[in-house]
Structure formats: C-alpha cells, structure tokens
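Take a look at the following structure, please.
Letters are used for the chains, namely A, B, C and D, taken in the order the chains are written, and counting of residues starts over at 1 for each.
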C-alpha cells in the first residue's frame, strides 16, 4: 500500500538503503515511447551522491538496469521495472544505533510498527536513497512530456536565510536547463553563493540546515484534474510528501495568501489571441483542483538533515531509557540540495499520470 | 475518481451547491458503532452558514438524513449514505456570470474540462457547501475516535495579520471543546477580536481576507502509517486539499524549518514512565510518514474568499474577450472561519481510515 | 471497500433490504450525457418484483430519485447519486430467524463478521434487492453506450433442465429488445414455456430451482482491456460476482473447452472488407484479457433461491445448537429470472468504465 | 493498471517472455515472516518448464533473485521485489508470425491496442511464463499461511475426457502434498494415466487439449470477505482470470447448480463441539462473498494450448488479408498441467491479502 502512487500510471518504489537493490515499477506507461538512457542518466546524475563536498561521501554509480517494458529503446506497453544495485553500502557505520532511534528519523515509528523487524540500516526503505528510483520514473516521464512541449523544472529557492529569486510568471525550458547545469541549482548565482555559505558553515559545526525548493510544470493544458480529493494539488501532495524530509507544501502564493485580501490574491483572467491567461499566478495554475493553463507552481520545505554529528538526546530500544547518541556515517548537510531533481521527478510522474488518465497525452 | 478518499474507509462526497441534494457515502465503517445524531448535528452546526454576520446569509438547516448503514442508532457494517436536501438555493444570483469565469474560482477550468456542461451555479460541486457532507463523515468519525480517547481539534490560527497562539505541546480535548464553543474559534480571545476586525474591515470594502487554521489529532498510537506515498502526511494532504480554498499545508514547524539548523529542528526523544515522547514537536508527530505518538499537528492556509463585491477583470466564455465582472450573491468574507470544522472532519476521517486499515482501532 | 467496482467509473451501491433506502453513487460519468428517465424506468421495471406469479409478492414501485450529478436531464460531470426509498418492507416476516442462519444465505458469515450487528432483515445489504441500484447505474450506462452503437443484452439460457438456444455468432440490438419484452426473457419461446414449468413445479413443492443466464456486449472495439489482472474477464468477474446467487462464470465456450482440442477451440481469424472477425467465438470476444472486436459473450450460473418453504437443518446463534428452520417470507422460486437485467447492468457498467479509462468512448 | 491485484497486499507482475527478466513486486507483506528459499524453489519447480515430455522443451532454471524486502531470511516490512532472468529465449522461433496473429492468442488485440509496439515474442507479457513471478508471490504467501494452519492445494480435475475424483468434503494438507509430488498432479492415479493418454495423443496429432483444475483453501476462518463487489469470489476471480488460458470459474457445485433444486443445493448447517460446519459444500465455502469456515473450493477451465502445429487460418497485419499460419516454437500440449501451481499461487495471495486487510492474520 505504502510505496505506490498514481492512477493511470502507477509508480511503485522498492528497496532499502543497504539491501541488494533499489528500484521502481511503472505500470501504465504508453507504448512506443522512446527512452533515451543517456538523458535518463544525466537526470539521475543530478541527484547522485558524492558529486561535491556539499554532499554525502557515499559513492554510487546509480546506473539503472531496465528489466522489462522496453524493447529496442521504446516502451512496449507492459510494466517497466528498473533496478539499481547497491554497491557502496557500509552498514557498519549504522550498526551502533540500531537500539537508539535517531531524532527526527523514522527509526522509532518503524520500531513500533514492525517490532524491530525493519531493515533500518542507512534509513532502510525510508532513506533519501529511495529517491533514485523515483528519479528513474520521473526521468522517463520527463522525456515523454518534453516531446509534447511540457517541461518540469525546479530550483533551490532558499537554504537557511539565503533566498533565490522566485520563478518568473512564465518560466521556460531553457531556464530549467540552465539551473540544472549548476552545482547549486538556483536562478541567481549570488543566491547560490549564499546557500553554499549556509551549508558549509552548518557542516563546520557538525550541524545541518533546511531549505525550500520551488518547482514548476509548464505546458499543461487547462481543464486537467478533478474536483475535491483527486485534483492536481491532492495528487502532487501525495507524491511530494513521499520524498523524505519534506514537511510542507504550498501552491502559488501559498501561505502568503493568509495575509492578502481577495482583491489582491485573485488572479484576473485576460484573453489575448484567443488564449486565456491570468495576470498573476497566486493560485499556482490550479483552481478547484483543475489546471488553468498557467504554469503549475509549488514550493516545499525540506527540514535540516536529521543526521548531525552533534550529540543528541534519545532513548534506548526496547527498554525506553534516556540516553545520548552520536551519529557518524555519511550525510548531506543539506538534503534540500538533492531534493531538487526528486521534486521534478514526482511532479513529472503526476503530470503524466493525469494526462494519461484523461486521455489527453 | 474525483470525490473520494480513504483506503479502508472510503469517503465519497456528492452533490452540487444548487442541485437537489448533497451527501456522502462512507464505505468501511466498523459495525456496532453508536452514532449520536444530536452530537453530529452540533458538529454540523459549527460549519452551518448564516450563524452570524461574518458569514454568508444563505440559510440552510443542514440536517442530514441517514439513508443506510445505520440500524437502531448503530452502524450495521454496510455503507452509510447520508444526504442533505438543498433548500435555500437562489440560483438567480449566479445566473449572470455563467459566461464570465470568476477569478480564483474553478469556473474557467470546469468550462474547459466539461465543455460548459458542469452545473456551476453557486460553485456547483466545487462549492464550499460540499464541506457539509465531509463534516457528516468527519462527525461520525470523531464520535468513533473519541470513544477510544482520540480527539481532533482545530482553531483559526490567523486571519490577515491577526494571529492566535499556537496549540500547546500537548493539547487536550477540553481545549478543543472550549474553542469549538466560541463564535470565532480561537485559543486567545483577543486574537479573535483582531480577526473580527480584519474580517469586518475587509467586508466593508467589498473585499475578503485569508487566514490559516491549525489542526491537531491527539491520542493516536505510535507506529501508524506507511513509508513514502501512503504515510500520514500524504493521506492528510489528499483529504485536506479537497477542502476548497486551501493552498498550502505544513506539518509541525513546517516552513519555519527552512531556516533552522538540525540541532534546533530535531525533536529529542525522552522516556518517562515507560512512555516515549519528544521534547519538542517540530515534526508534527510524524516521522517518515509514521506517527511517533506525539500529537499530529498541521496548519493550512485558506485563501481569501474569491467572491468579492469589487469589480474584477475576466474574459467572456466561450469567445474569450476581455471584460469585467461584478459578483453579487452571498459570500463569507473569510472562508477560513468555516473551514475549521471541515479540517477537523478531514483529519478525523483520515485517522479513522488509518486505524481501520492497520487493524488498530 | 466492499460495495464498489470500476476504475474510471466507480459504481458504489448502498442500502439494506429493509432500511430506509437503497441507492447508488456513480463517480466518473462523462459530462453532457442525456439520461432519459423513462427509458431508465423501463429498464428498472424489468427487474422489479411483483410483476408476475413467478416472482416475489413484494411490491415496490422502485422509482429512483436522482439526487446529484444531473442538470437539465444531462450529466454535469460531478458524481451521480440516485436513491430508491424502501416502502413495502415487512420485516416481521424475517424476525423469526435472526437467530437461525438460513442455509445458503450470508446470515452465518455476516453474524461472525459483524458480531450480530448487521441488519440482516430480508438479507440486508446482501439482498437481491440491491441489484436495483446496480440497475440504475447499468441503465444509465446502457443509454450512454447505445448512443455509440454498443448494446448489451441477456437471456435466460436455462432453468433446471429447460434450455434456451445460445446467442447467434453476431447477436444484434433488435434481438435484445425482443427478448427484453418477454415475460420470460428467452430467445426461443418454447424454451420459455419449459422454464415456466420448471419454476411452477419447484414452487409447488415449496422448493426453488437454479438457472443460467447468457449475456452479450456487441459493438465494442478491438484492443480494449489489459493483460493479466485487469482485463475484460477480470473486470466482468469482479462486477458479476457482486450479484447475489451467482456461483460460476464462463466466457465463450467456457467449460466445454476442457474437452476440446486446440484445432477445434481456436477461433480462426478472417478478414473481409478491411474488417477482422473470427469464424467462431469460443473465446467470447476476449483474448489475453483484450477484446477482439467480436461480441463479448459470457454465461453465469445462478443457484436455486436459498429461501425455500421446506424445513431445513441449521444451528442456533449465538449458541451453536442444531435446530430446524422454516422460512415464510416472500421469495422468487427462481432468482435467475430477475438476474437477467442485473447481468446486463453489470456488463454495461464495466464496458463503459473500460472505454472511459482508455479514452475510447 | 493492468498487472496488479490485491488490496492490503498488492502483487504486481512484470516482464516479457523474451525480455531481460520477469518478476514480481509484493507490497504489504507483514514484517518478520521467514521466507524459506528452498521451499520456495520447490514450489516454483512444480511449474518450471522442461520437466517432462508433456511440457515445452524450453529450459529455464527459474531461480528467483530477491532484490528487496527481505533481511536475514525474513520479511522486513518494505516491498519485496523478486526477479528471474530469462536465459533460454529463442526469439527466432517466433519472428515468423509477428505479422500473423495466432488464433486464440492475444496477438491481434495487442496489435490493435499498442499499434504494433508490444513485444509479443513468445507471447510477451501475455505469456504463460508470467505465472512464474505469480508463483513467487504465491509461494511466499503459502509459507506465511501454512504457519497459521491455512493450506492451499490443487489438482488436475480433468484433461479432455479423463476426469479425476473431486476433492473430499474436508481436504487436508497431506493430500495436497501427495498430489504435488506427482508428475501429473491428480488424486487418483488411474485418472492421471488417462490424462497422459489424452495429452500424448493430442500432441501426436500436432494438436493440444484443454482441462480443468480444482483448487481448495482450507483453514480460513468464517466471516472473511465483503458483500457485493469485494467478496472472496470477486477477488479470487480477479486474480484467477489473470492466469493465461482460463476461460471459466465456478465455486462449489458451480454450473451444476443450474439443474438443482434449492432443497438439494442448500448446505445445511450443523454444529458439533461448538464448531459450525455444513453437511455439503455446494457453495464452495462462500456465502454472500463471505467465508463460512468450510473449505473454499473452486474449479477453472483451461482452454487447449492455442499454439498448435496444425496449419490455421489467420490474417496479415497490418493489411488484413486472409492467410495461413504454421506455428513452430516450443509449446505444452496441455497448459492445464502447469496451471495447477499457478492456481494455488493466486489463491494463496488472495487469501493472505484478505486476512491482512481484515487484521485477521
């Protein structure tokens, strides 16, 4: 039940951080779609660990093996399964705290839920590593969407106090490409420098830092989605909250609308050349769960990496006695950085699912 | 597809604002549960329109008729269907703008999606009125949960610039009851007065104002939920974004965590009398999608009521020419006010669904 | 979970035989479809009780009230809810055996499952009466399909030893209409007379008799359906086994194929005027779960009405002592008779769901 | 959408007959369950091709690799993915008829559905080979069930005119084991000899022959299942019709009930030592979709292997001209033989899913 999303296109993620393999099953892809493995690899490389000093030292090539559903470079209509073998898994690093749940990690809940049977080495099935298979699914979805003029992009919109500019009213694919090519995926390079400082200074203290990511989908038609519980917002939320460490999600102006008047928040419609747009996009391209044809824009908050070098208070399992914990291991000081492609992947998979479900691809 | 949520307990909402009836179908309720119609009515009355001058003048008794699934005051194991007949539907008020989509309403997307066939009088199936059947489902869920010591409460946490106190670390049922008894459901009465001023001053300008609502579920066991895409956050999100006008959702400290360090954001575990809690609740009682046993705490933003008296720019349908629109009708100047019980309803239905699915009720 | 089927078009049935009302919720109907209430009523009248001496004496007008989803005689895109109020419910007839499960009825399983909380008067949610709301859904689906040249028909293919002819290789709508107009819905009238004798002679002994129904869907395109677990056969099965008393289902030649050779059972393809058909239809128009463009043909067996006047051995509840039971009440001596329109309804709903899901309507 | 079944335990099958790998994803298994790889292999060996002259000459070791979800020989609560690499795939055999759909195979429907993009070598995703991953899932389920005293067994009940005895009223595990150990899995060995003659004589003519399989689940509690569309029959049907070549399914006395009277078909209840059974089991252990505590008994018909050596009439693709086809390749003359463990697998997965969903494992 747990590790699947989508209606017409079901995406199911499997694997544990230190198990044999991680992977994804995609059931419902249209047949005849070319899958370019090089482009897919380039997308996966954007979230791959070990690229630079801001990220965990774990080194994984993360080259997926496509087991099914693709013949001669094209989808064949049957389910696509892809796997990545885990190679550089040093479980020893984690053994020491199997009996001490790490604060802000899933360890304690998992212990209660599965009575100690879960494989929690490296976070197990809860690990950020599981965003790699999500990125396989999303990377394939992005290729299919791009062929129809639909593009998904994201950027780090803030780390600590350092903030990037927001996306313009009509972001376009070249901007997404330019951001994706940067070490720190931002619009404004000076913002990226500020973020680098936030991250290195947190890391220097054995600490970590949070951030936000803004994501946009452009090119979707108006009229996509459903009212109430299966609209664009609900579906993006279901997928997006599957990415570890995300604790909030807002569309368009989001929480800022709490302090707006209607006259300010409402997006006036405007017609030009037989095409309808809105003059602002405070609703993030979604009204009543249904797309307006404007870019879909949402922002998430990613909490500071819970694994920090500083000592923390916790309890012993299964005896529940107070104790302290020091985490060694290898950890990103700011997981927001690597969440950027994962957000794009989730958004692309949701957009493709909705187009497929409504026969609009 | 659109109007249903839940796994073990499916909640399906039907009806249009100006149709014959609105209602809800609940499939999966446990058998033998007493349903107190008076308590249910009191809960429904909290969202009923026309209670005071801050709300729409539409007057509906909103007394549900239970059509099935209940025998002798108890659930009998088969699906519960409940309906509310629409009585005070003055469609004339709305007829004038069927050809002019109201900014920040679903009108335009619905027009594109259904080619003008949707019944959009009063917002149709997108109307805030559809939270009444949601509240029937949630009201029944609340009764079932309360019997197990699980309580759901919410308060207006802000309207415009006027902000209430947040919930304490361990909110309890009497606090929820005290809030629910107030005209403006807040913790701190002076905050309520500030909100009243925000609302009346917006209304006086023919305008509306946004707000936020904080909601808590207390008494849930640790270990409830699933990793990745079907955790507590994903499920609450799917339900909550079904409530009209909600544009953002955050758990625990939420967006504030973007500017925290891990050492500050992490919630240290503490054991006392064989029970594990956390010293803070920045994660809102959820880690990796799974409950920690701490209160589930989340906050939503509700945009300003899109229907305002001020003239707005829009386009004509189906010709797409620029024009202006003035909305008469009856509208709450601040829909956040009536979203409070709807939030509780969504949260209660989700919590009950999860308990049922895991056999933990 | 229990009372719903369909993917793109969800059909959820609610109500109990002796409760306030029975009904159906249909979520996913296309917008703009005319619903002719007279044609719907004529279809419902085909399953209505009390038409002739072969059927139960319970008299219900069974006129549905459409609560939502229809405006000006057309679907509006939001969920359609329809209800039928129960009027002629004489629960007294059933009270005597609430503590003695009726053999071949759901009573015992329901007692164990719901601990005596189920409303089993008249069979409760398990009653054949619940096929009335199924027929509302199917009747609406039939109207939508007929507009596209897709027709669903069924006939009693046997009662006891009396057997009707099978459908011809290419059955057509006029044949379906002719069958539907008969008291006993058969192709060959002499077969109908034989069935009448079977039924009246069983009834005269205080007994009941079983039968089979053959159903066909004509006009569906080739290429509809999915491999493995969501093909045409799987979906029809899921819906069809929801009709009480059905204990078997076969497609095309069905069980007769166990004694065929491949050379005999295989349906040779033939092309004519650019159109592909098969020379025989032993596979019932489905290969690998996918339609071939030939008529979909399936047959079900309906067990003898479990409620008989003859004394039967059973046990007491909740003490489990051996006892005897005599059933009074009002019962059809052959439920197969009234299952005919229910089969058509289930088949129509499934066909419409599949067309909608694949964007082929 | 297509290749998944189950509610609490989702089983998703992937792969093509001549692709890289076939496999299965199981999401929802309980944590802490031992998985014995040797016992699993023994179960898989029962359906492995190439064991004897009655079966296809394709030789595959079919040793599954468990990629995730299992740690130290026990399920860890996260999804289990298992794969089998395809080794002995001689696609050349199949190349000749990619433009001529084989009668009674899915080729034509797949061509229409996927516009020639499907990988139909060896039947592709429709191949009987896909029952291998189903057997992995079922084999694991069987181990989990057996630990609770729940056993699943099946036997060839007929091939052509040669018929085995039916299961006794209360079949037990040793009988299942004895059947499984035989080359031809029957109760009565002389029946097996008759079946061998049927198969070899069909094979000698370049032809194939159909059969039936009877399957039983013993040890399930009463009260399991749901009314209407999600009962035991509906769920078994959804899974069972996913096994290629199955064209009919009946529970208990099944189609024979069409010619029974109620007094004969009804199963009288009897209490002994505080336990309720029925004196006969014409309903196959299911009433109203809910288990009675009696053995679940069902029978399926498996059509003759569609691939025969005899020449057949078909059409050319994509031009639709009449032509002939001769199939070389390697094929079982009677697929019913190898369907026996696949039936057990489907039944075990369904039973486990239902127990998990109702918290009754």
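Definition applied: a residue touches a chain if its C-beta (ideal position, glycine included) is under 8 Å from a C-beta of that chain, and two chains touch if they have at least 3 such contacts.
Model, not experiment: these values are computed from the prediction.
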Same-interface partner of A-D, chosen from the options B-C, A-B or A-C, over half of the pairs matching: B-C
Maximum centroid distance from subunit A, chain identifier (CA atoms): C
Centroid spacing, where centroids are CA-atom means, of subunit B and subunit D in whole angstrom: 46
Geometric centre distance via CA averages, subunit D-subunit C, whole Å: 26
Subunit C: positions in contact with at least two other chains: 1-4, 8, 13, 78, 110, 113, 125, 227, 357
Subunit C to subunit B touching residues, read off their complex: 1-4, 8, 10, 12-16, 19-23, 25, 27-28, 31-32, 65-69, 71, 74-81, 83, 110, 113-115, 117-119, 124-125
Subunit B contact footprint on subunit A (complex, rising order): 1-5, 7, 13, 101, 103-113, 125-126, 130, 158-161, 202, 205, 207-212, 221-231, 233-235, 237-239, 241-242, 244, 246-255, 257-271, 274-276, 278-279, 282-284, 287-293, 301-308, 310, 312-316, 320-322, 336, 357
Residues of subunit B defined as touching subunit D within the complex: 8, 78, 227, 357-359
